[in-house]
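Structure, as structure tokens:
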């Protein structure tokens, strides 16, 4: 077991290592990323052929880019893919020709307000080519003609994703999904990849009540490809979370699943409420990340999303400013810690039955109660024991009790363990079979 | 189609035209009012004979007043019905005699706090006579004796109401009711009459999903007379609104039906919430206007009420200060506009079923999605389409979706139309049969 | 009938009379207390033998203390039970010996922050001896040895409680419980004893719809002993309240039963909301007084708690500062008044059915409505009548109506009585059989 500071450093180091790789929906950048992750966790890597029908979609051709540039007619490169892989619009078709400035401008994308930032753009489903440049680069393009080159391949191949299943005491499972299709941006989504990787490592270390599945997948089409190929598994999924944008300085936000009241929704809301570091919980909206696919009407699998800065609402979103300085190991470790607390609730949320239900049992003679009466205030553990005894009638789980009592799940769990140890409660038949 | 400014002017002109007429529960003033309305909309005019039992009530005798005054013994009129028809207590019995000042005072009604305002009072169900005078007029009565005259008839006749039924695709209907029994006061209730009239005109202009009924009726006894005579229709009424006090400067208030969750309640609340001009929604109270009769235990028809200044809470209420300067064409037109928006929700609130429910369908290839990815933010229409797709599982109507998404109904309706146009949603069987 | 001031004085006089008595879980102090109460209300006094099993507990040995002191070796008493019975830890074993200061200190209990206050401590279920002393007394103990004496008996005997059953029109009953096991402290719980006694007197004065039971019992073990011996009665209990800490200067607090929505919960919340003297209502917590036993999983009897300063949260709690100056007759009388109002709701909460449900009945011709129309505002009684008529469809009780209308229960009750008097409503079959 490594310490929190050490975990944060290790997560940040993973982000650093993955940062330079040019990822997209498909291609060798995704494969290289997954190979690196497979060195940390036992990832299975899958390929889905271009042209495969997945529900309403078709797996696209595979795209790989070796080099790309805009150069003066004298050969001097003024925009260079090797400097930043954001310079090329994702899924740009190959091109090499001399263009007028006017034609070139029709293929350029820039950002207002941040003269040095390069935007991130894609054109997955409409064939086109383009460059993303900073405003300053754009304004420096003043010559009548330029040479442009996108040395890319776009043709039949496959879509690549990574999968890791951790088998617990039941095949009923929770799923964590994180997208691996973004090029050099750290918060979106190397942060999510790092948290998912280290969470998977932690969960694999000891036996679990539930099974857990981790999907490292290209956004949207990747989830759909996995779901289309694993329909028999879908009914076993109790819920889950997409892990995205978890490295920046903002407090954590949990976005509920559409159902909003599944176990993972309640566990995440509980954990975030008690962390009291500015965390918030928001209702489901049908835009965001891969949770959209799981919550769709044909599936209605309650997958929420854990994030920090929210999708589309921070200036660095989908720009070159989402770089290594925008995320920190401390925030990554803190997000991992929240995930582990949420899993702790999922794992420990049993329903107990009070075995001495006729009034309050005499805790004192069982050694789980102070012996001197009259003092004002009861210790936290005693209060938690009284809550567990009062509410454990078989209809309320420990999470129900913790929420009703307004105390952290851990306190209620510790109380239930103490009471179970002296035979005053025991797990009921209802909902405890994993 | 006339413009909003023009509509407001036309509505105000109607108020001006109806203002001088002396209306009461019964009588020629109501008839003349309805004749004028019948020139604008195809109103059926009904008469219910005095003495007719309507539930717990009996239709009263008919009252008509030609002239009334208080005069000095030298014949000089000091209070004159021809100056303001509020001067006579409604349903005053005929009288012509000389009275002492003391006796006269026992038949006078005044207002505190507003020395020039005349109050409006009635004595429908207890035979009596009386005058309403301003405080200044009251104080000027200093002579020992006066002559009083109320040249009225009060005897068997009939109660008159107007009715307009607009037949839609189903006989299930919504009802709009407005009281026509008040003499020269503009907000209460020439404003309601004007809004109802112009709303009826607008609804009759094109085919409708639902049927609509408009009742121009004397308050309480008029509603009851209509209900007693049309019991077979009552089961077809899905809900409705009373339209009252809609011309003053206050923001709109919607008072819920007793049930509070009927379609018209939800539509009105939705529309008012999104207008954001200070509108509020209040719970049902069993005082107000004709909604009381529809919501009674024997009927429980969910009729709410749309108003501006609330019944009994504004100083001008039931006084001569509720005059032509107290209402404006702009406010009347704005109220009409809110009614039309509410009807738009009633008409458009279908339940759709997503035809591509396994994940998010690929909007791009259907031409209803921008093609360039990566840009932060989606357009409002795209967001609305994602909401419709995410929630249209047959259990949620467009209004449910709009309320869940927190966006105006129109945006969701437009999105549903776009999606229906490319076959991605289609109306379900549930609740859409008008 | 005595006046409020007189009642307050009588309640305070009872507190004064009971104050010097040394009560405990068992023993002659409890018996003397109950004998005094039996002079005011027809109390039955019960004894339960030591060793009797009551659910998870066993009735303890009986404890009586005649004298106790700490004395200098020269015989001078420095701590004396005759000065304050709080000086002896409750259920101390008998002792008489010379001890070193160090050994003595291991048996002393003091309070921080209040140098002159003596704490109240007990050791019911672990055999030990001890003294409670003020900080000042503690610091004055500087000699190397002291003589200590606790002249007590602790051996087989019985636990004593008082019970008073007031039979009403049904054997379904409400229970009021108050603990009698505390020595010389006024708020906790001579105040509760005084309120319960005077409430019982008031309830016995006239026929009642429901039955009522009053339990004057030692805390926890007393309730359990009563419940164990009266299991056939438990199913008849509709709910109740523990009456505790009702004499101090704080506003009233009602603590809900665990169910939280029983009739007594709703009645108490209603009454406290309308008193508007700072009263609050809080959710159930499984610590406090005897309500814990009734709400336990094996019983789930909805017993709440009425109090002022809350259990364990005021500095004087369980100290010698909870003395005669800490409570007042005015506050005791006010608490009694709140209890009587709550009982008034329990007694009067019938469900009526509107006998003229088709629209609003004509109140005027029945003489329960003003005859002059047009005036803004209706009287409170008229408004309450309209609420009763509008909601009395057999599914809503008067308390439901009062809560929906936001008016005091009394107003609604008065309106229902007026309407019943003219035949417009009559009690339904649902829920009115006591």
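Letters A, B and C mark the chains as written, and numbering starts fresh at 1 in each.
By definition in this document, a residue touches a chain if its C-beta (ideal position, glycine included) is under 8 Å from a C-beta of that chain, and two chains touch if they have at least 3 such contacts.
Only a predicted model underlies this, so the values are computations on that prediction, with no experimental measurement involved.
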item	value
Between chain B and its twin chain C, rotation from the CA superposition, multiple of 5 degrees	120
Classification of the chain A:chain C interface as same or different, half of numbers criterion	different
Chain A-chain C separation of Cα centroids, rounded to whole Å	54
Multi-partner residues of chain A (at least 2 other chains)	none
Sites on chain C touched by chain B in the complex	354, 356-362, 364-365, 371-378, 383, 386-387, 389-393, 405
Contacting residues of chain C [partner chain A, same complex]	55-57, 90, 109, 119-126, 220, 223-224, 227-228, 258, 285-287, 292-293, 295-300, 312-313, 317-318
